[in-house]
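Submitted below is the structure of interest, expressed as structure tokens.
Chain IDs A, B and C follow the sequence of writing; residue 1 opens each chain.
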Amino acid sequence: MIAAIAFYVFAAVLIGSAALVVSSRNPVHSVLFLILAFFNAAGLFLLAGAEFLAMVLVIVYVGAVAVLFLFVVMMLDVNFDQMREGVQRYAPIGAAVGAVLFLELIVTVAGWQFVPNVTLHLASATPAGVTNTAALGHLIYTDYIFLFQAAGLILLVAMIGAIVLTHRERGASRRQNIGVQQARTMANTLEMMTVAIGAGSRQTGILRPLPPPARPLDDHDDHGHGGHDDGHGHDDHAHAGGH
Amino acid sequence: MIYAIAILSPLAGCLLAGIFGRRFGDTYAKIVTIGFMILAALCAEISLSQVLFAEQPPEPVILATWFDIGGFRLDWALRRDTLSSAMVAMVAPVATLIHIYSVGYMAHERRSFRFFAYLSLFTFAMLMLVTANNLVQLFFGWEGVGLASYLLIGYWYDRPSANRAAMKAFIVNRVGDLFFALGIALVFQLFGSVEFPVIFAHIPDHQDALYHVLGHTWRAYEVIGFLLFIGAMGKSAQLGLHTWLPDAMEGPTPVSALIHAATMVTAGVFLMARMSYIMESAPGALTFVMLIGASTCIFAATIACVQNDIKRVIAYSTCSQLGYMFMAAGAGAYQASVFHLITHAFFKALLFLCAGSVIHAMSDEQDMRKMGGIWRMVPWTYTCMWLGSLAIAGIPFFAGYWSKDAILEATWASHNPLAGYGYLMGVLAAFLTAFYSWRLIIMTFHGTPRADKHTMEHVHESTPWMVAPLVILAFGAVFAGWLLHGWFIGEDQAEFWAGAIHVGANNHVLHDMENIPSIIGLLPTITGVLGIALAYVMYMLVPSLPGRLASTFQPIYQFLLHKWYFDELYDFLFVRPIQRLARVLWHVGDEKLIDGMPNSAAALAAGGSAQVVKIQTGSIAVYAFTMLIGLVVLISIFLLFR
Amino acid sequence: MINQNWILALPEIVLAICAMAILVFGVLWKRSNPSFPCAMLALASLLLAGVLALSAPLGSAYGGLFAVDHFAVFMKLLIVAGAGLSLILSIDYNVQTGIDRFEFPVLILLCTVGMMIMASATNLMSLYIGLELQSLSIYVMASFNRDDLRSSEAGLKYFVLGALASGLLLYGASLAYGFNGSMDFAQLRAGLTSTNPPAGLVIGIVFIVAGLAFKISAVPFHMWTPDVYEGAPTPVTAFMSTAPKVAAIALLLRALEVPFGHLGQSWTQLVVLVSIASMLLGSLAAIGQTSIKRLMAYSSIGHMGYALIGLATNSQAGIQGVLVYMVTYVFMSAGVFACVIAMRRQGLALEKISDLSGLARTDPMLALAFAIFMFSMAGIPPFSGFFGKLYVFYAAVQAGYWTLAVIGVLTSVIGAYYYLRVIKVMYFDDAQPAFDARSPSLSFVAAVGALVTVLFFVFPAPIVNAAQIAASALFG
């Protein structure tokens, strides 16, 4: 009884928050509703006895994905008016399509019937004598090891994709290289000059740093030494200027 | 294996020369094609000897399965009976010699790799044709040689006349091919197969099969034989479909020698011999073959007597000699026709190559009226031309003597209703053959030089590249008949052919021709000598005589000079009406009706296209909606009409 | 003793390991740009995978997730061939476009792993995993030229719409699972004993078909195709139009024939509709195009329509027709794109049809190859495209689908118009300055494509027979 009530509550809140994700005007609110939806879905998993999935959902989706969304939404300057305009423009068609699809699904659900021996194949979410997590682990690492590894490949592709599409080697950027910093000595950084008393800057010549030389963007630049090189070049120029 | 190498190596040469010729140059192309051709020639001879000394006729060499659809199976196979092997053993060496000759003849051409690739392609197609084990592969080779001939006639594509001649050859051949294809279709309908072994084995089963064509009832074999022969007429330039051959002389001379004398044009004769099983059951068709063969024989010979272009004379002579071969086929002496085919290949290739050598020497002059008096300057060519002419005129113990006499004797001895006509025409043609051959020799080599001084200064014997093939072919022209007649038509012919050529139970032509009156056998030789004598009198002793004769018999002379007005007749009968019809169809039928339909359909399509493209806006939302709407539509259709 | 499961999946496993090894190699290789050695290694890996696929034993692995049968082997070889040809096309293009990064071959390899899993998938889960692995790799590759707005837009568009399609597919899979209690094809079939399946299951099939139809860009799920084909780097377009199409067709054939083959009357109608719509749109919309890549996009839509004819017949002859069609299509397509990539003048890639004008005079070989492919795509004998069409039309007529065959012939005629227009432009229009010298890799791919296209009619038997055996594996 309580489980049934909990189910309906979770389900109702899940659907409601999902609708609000789509319809909310403020994207930050959308993401927050999304988090709410995740929590309720986790609740549904719990009711079904799949506590591992419930926890994973909370940790991964709420803890990582949704927070990342939040960051992105807040960092990007999204033009909400334009988005809303788009929503209004397509709303009638969307509503019509949705309505028809919904009707059709109702028709389908009305005629819901299982294939006779359907229960034969269904595995219980809570096998006897084993915890849900252990059972899942067994399945993933034995029966479904192939798919598990293939899924790993998908993540690898995603990683490669992220790097390929966004990572840039910037030759001109300066990076901290602690080793070089530590190895710097006074001799190769400073030049001591004796300045006559009373001489103005025009007489002695003031060492001014020159702008760093323009370097071509080069993808296969040696990693991590850009800053070091630049620093040196800079120093050299400064040095040269002194003579 | 060796047999397959003989057939396929020209293809290899063609591909290597054609694909890489541009990059590696002409010398490379020449080396490759000639190398492969020599290989092919050697393998062909070895293979022939294997076939001759084998106990059993060897099985066909199956290269690969071509089609296997349902019950219809076709193989790429190489037939290995005597007929195929003998043809291969003739085609490959002759083609090799002509490749070699071409090195000299085409020496001044730039980018001649194309020429050599085409020549090898032709050789491959010809070998495919003669080794086919089914009618479809034969047709493949048939069209292949047609294509190669088209490419080679039009080799100098910057000459409009060459392009026209190439197209003419292609189109006239299509007429014959149409009938040939029809014949193949009927064979398939009758036998349920196009494989030769199957067809030949089931010949007796369909003796009484009938077709109803145009309200008449015909025996199936007659119809098929008739159709096949019309196909052969196109390829072998027989009367009616001969008009393309003289024009084909626009191609380089080696091409004329190889394609339009030695090999391709004889494909029709080969087809008759190959299908002897069917032809033997079609006496009506054989009568027609005899009629056309004999008529072509005399018709072409009369024209050859008045032509002035050296290559055209030989072209008409080829036409006439092909007529002899068909006469033999019509008489039921297929062996004799193939024998003449082989000997003719040697001496006609020789004559053409000699003509090429002369043309080369005379700075590309082809008109015999502008030649003369050069025989001391080109001794090799002159000698070879003599030997070739002696062979073609049927002077005893030269190659042509054996085969031509055999044909005329067989014609006399056969039961063909038109045998008498055939013999008469054949003897007359033998007279004319000798006449025009010596007319050619005398006009070309003797008398006072008629060319301008500049040309005469440049007259020279050809390079060894060109002379060597002449000498080798000359050997063939002299000895081929003497060497081969025992096998082809003599006592050993039954073992030699070993069933490759079928003769009917009542067909004893080869036997009967031994028992004819001796005067009948001697007559062709006598007329041949008379022809030579006449030519000597007319062109050597009294050179003014031909001109006087021509003006006296002006109408006849004009009639012959204009080749019996065939081109004009066709122009009037077919070309112009078709052009008129085409114009009408073009303006009314095509522009208004046919174009109208596709144009409006195209307009409709373009309109539809514009509509369809309109939703291709680039907006993801639109795309997504399209997908969803499509999905909903599909589901709705599903739920409604399930 | 090694578990049989691993032996059966050896081609995929080896290819995945090779991909990862090449990735590591590419990261560690400091001396010069590693993209060329990586591409060569990737080619070798593909070759290895092809050999392994050919020699792999037959059987079912991982409790029915994965099957190796003649059908899978046939498809895998075709996939590997398509991937290999596209990879060869990419080598020089990427250098010239400045996107020669070693990740490209790695992505192609991982994508190929995904496609091979698709070809072997006998479970809705492995189907989905393979599909996602393939799709994700292609999303990345489509936007590989990230500094080019069109390329990144193409990748994004394909990604968003692809996600939608994946959603549809998953939803359909969940419906099928929900009504039947199994994701395994064989058990699905065993469960569906009645000839009148529940409506929910049928709708599930529709959703699955929709998801897969997106991947083969069949109407009405084709909308992404022209934009993505045009925007993506050309070798990627070549890749998209060859191997993934084969994989998706393989999936579609298996997912419909194996579990639902006996319910033919409930889904053939659907395939018929999609097929007709694709043929019509493919031939109509292509007419007005000026970009050769967009033209090829519509052409591929049309071609998929023809291939679907074979599936619609729900017969072994039809499936055989589809397989033959795919073989001819892959080689024609790779060849055409080799020609398109060769269109470069003074270092600038060209893609307008008008840029081809007079090509026959400036580069007769390229024009000849292009013409062969265009003739073949138009279905003009004796080129392979004609025989591909012949087989599917023949199967359709045999199965009584006259309408399909007639519409197919009519749309081929309309389609011939735009293919022949390309030839007309090349051979009869005024010549323009010659293209840059093309690299041997392009000539190689064009030559391979042309050879297969031209010589198919000489030796169709090996391919046709293999297709027959492969098709019988689905019905056996």
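The rule we apply is simple: contacts are C-beta pairs under 8 Å (C-beta built on N, C-alpha and C of every residue); 3 or more make two chains touch, one makes a residue touch a chain.
Values in this document were obtained by computation on a predicted structure and should not be read as measured data.
**Student:** Among the chains, which has its CA centre at the largest distance from chain C's?
**Tutor:** Max centre-to-centre separation from chain C belongs to B.
**Student:** Between B-C and A-B, name the chain pair that shares the greater number of C-beta pairs in contact.
**Tutor:** Top pair by contacting C-beta pairs is B-C.
**Student:** Where the CA atoms of chain A average out and where those of chain C average out, how many Å apart are those spots?
**Tutor:** The mean C-alpha positions of chain A and chain C differ by 32 Å.
**Student:** On a C-alpha centroid basis, what's the spacing between chain B and chain C, in Å?
**Tutor:** Between these chains, centre-to-centre, one finds 47 Å.
**Student:** Taking each chain's centre as the mean position of its Cα atoms, how many Å separate chain A from chain B?
**Tutor:** Between these chains, centre-to-centre, one finds 77 Å.
**Student:** Two or more other chains touching the same residue: where does that happen in chain C?
**Tutor:** 199, 203
**Student:** Could you list the positions in chain A whose residues touch two or more of the other chains?
**Tutor:** Where chain A meets two or more other chains at a single residue, that happens at 104, 107-108.
**Student:** Identify all positions of chain B at which a residue touches two or more other chains, and write them in rising order.
**Tutor:** Only 629, 631, 635, 639 qualify.
**Student:** In the complex, go through chain A and note every residue touching chain B.
**Tutor:** 86, 90, 93-94, 97, 100-101, 104, 107-108
**Student:** In their shared complex, at which residues does chain A touch chain C?
**Tutor:** Spelled out, the residues of chain A in touch with chain C are 104-105, 107-109, 111-122, 143-147, 149-151, 153-154, 156-158, 160-161, 163-166, 219-220, 222.
**Student:** Tell me, which parts of chain C touch chain B in their complex?
**Tutor:** Within the complex, chain C contacts chain B at residues 157, 160-161, 164-165, 168, 199, 202-203, 206-207, 209-210, 214, 219-221, 223-224, 226-227, 266, 269-270, 273-274, 281, 283-288, 414, 417, 458-461, 464-465.
**Student:** Along chain C, where are the residues that touch chain A in the complex?
**Tutor:** For chain C paired with chain A, touching residues are 5, 9, 16, 20, 23, 30, 32-33, 61-63, 65-66, 101, 103, 106-107, 110-111, 113-114, 117, 125-126, 129-130, 132-133, 136-137, 139-140, 143-144, 146, 152, 155, 179-182, 184, 187, 191-193, 198-201, 203.
**Student:** Show me the residue ranges of chain B that touch chain C in the complex, using the header's touch definition.
**Tutor:** For chain B paired with chain C, touching residues are 64-68, 76, 601-602, 605-606, 608-610, 612-613, 615-616, 618, 620, 622-624, 626-627, 629-631, 633-635, 637-639, 641-642.
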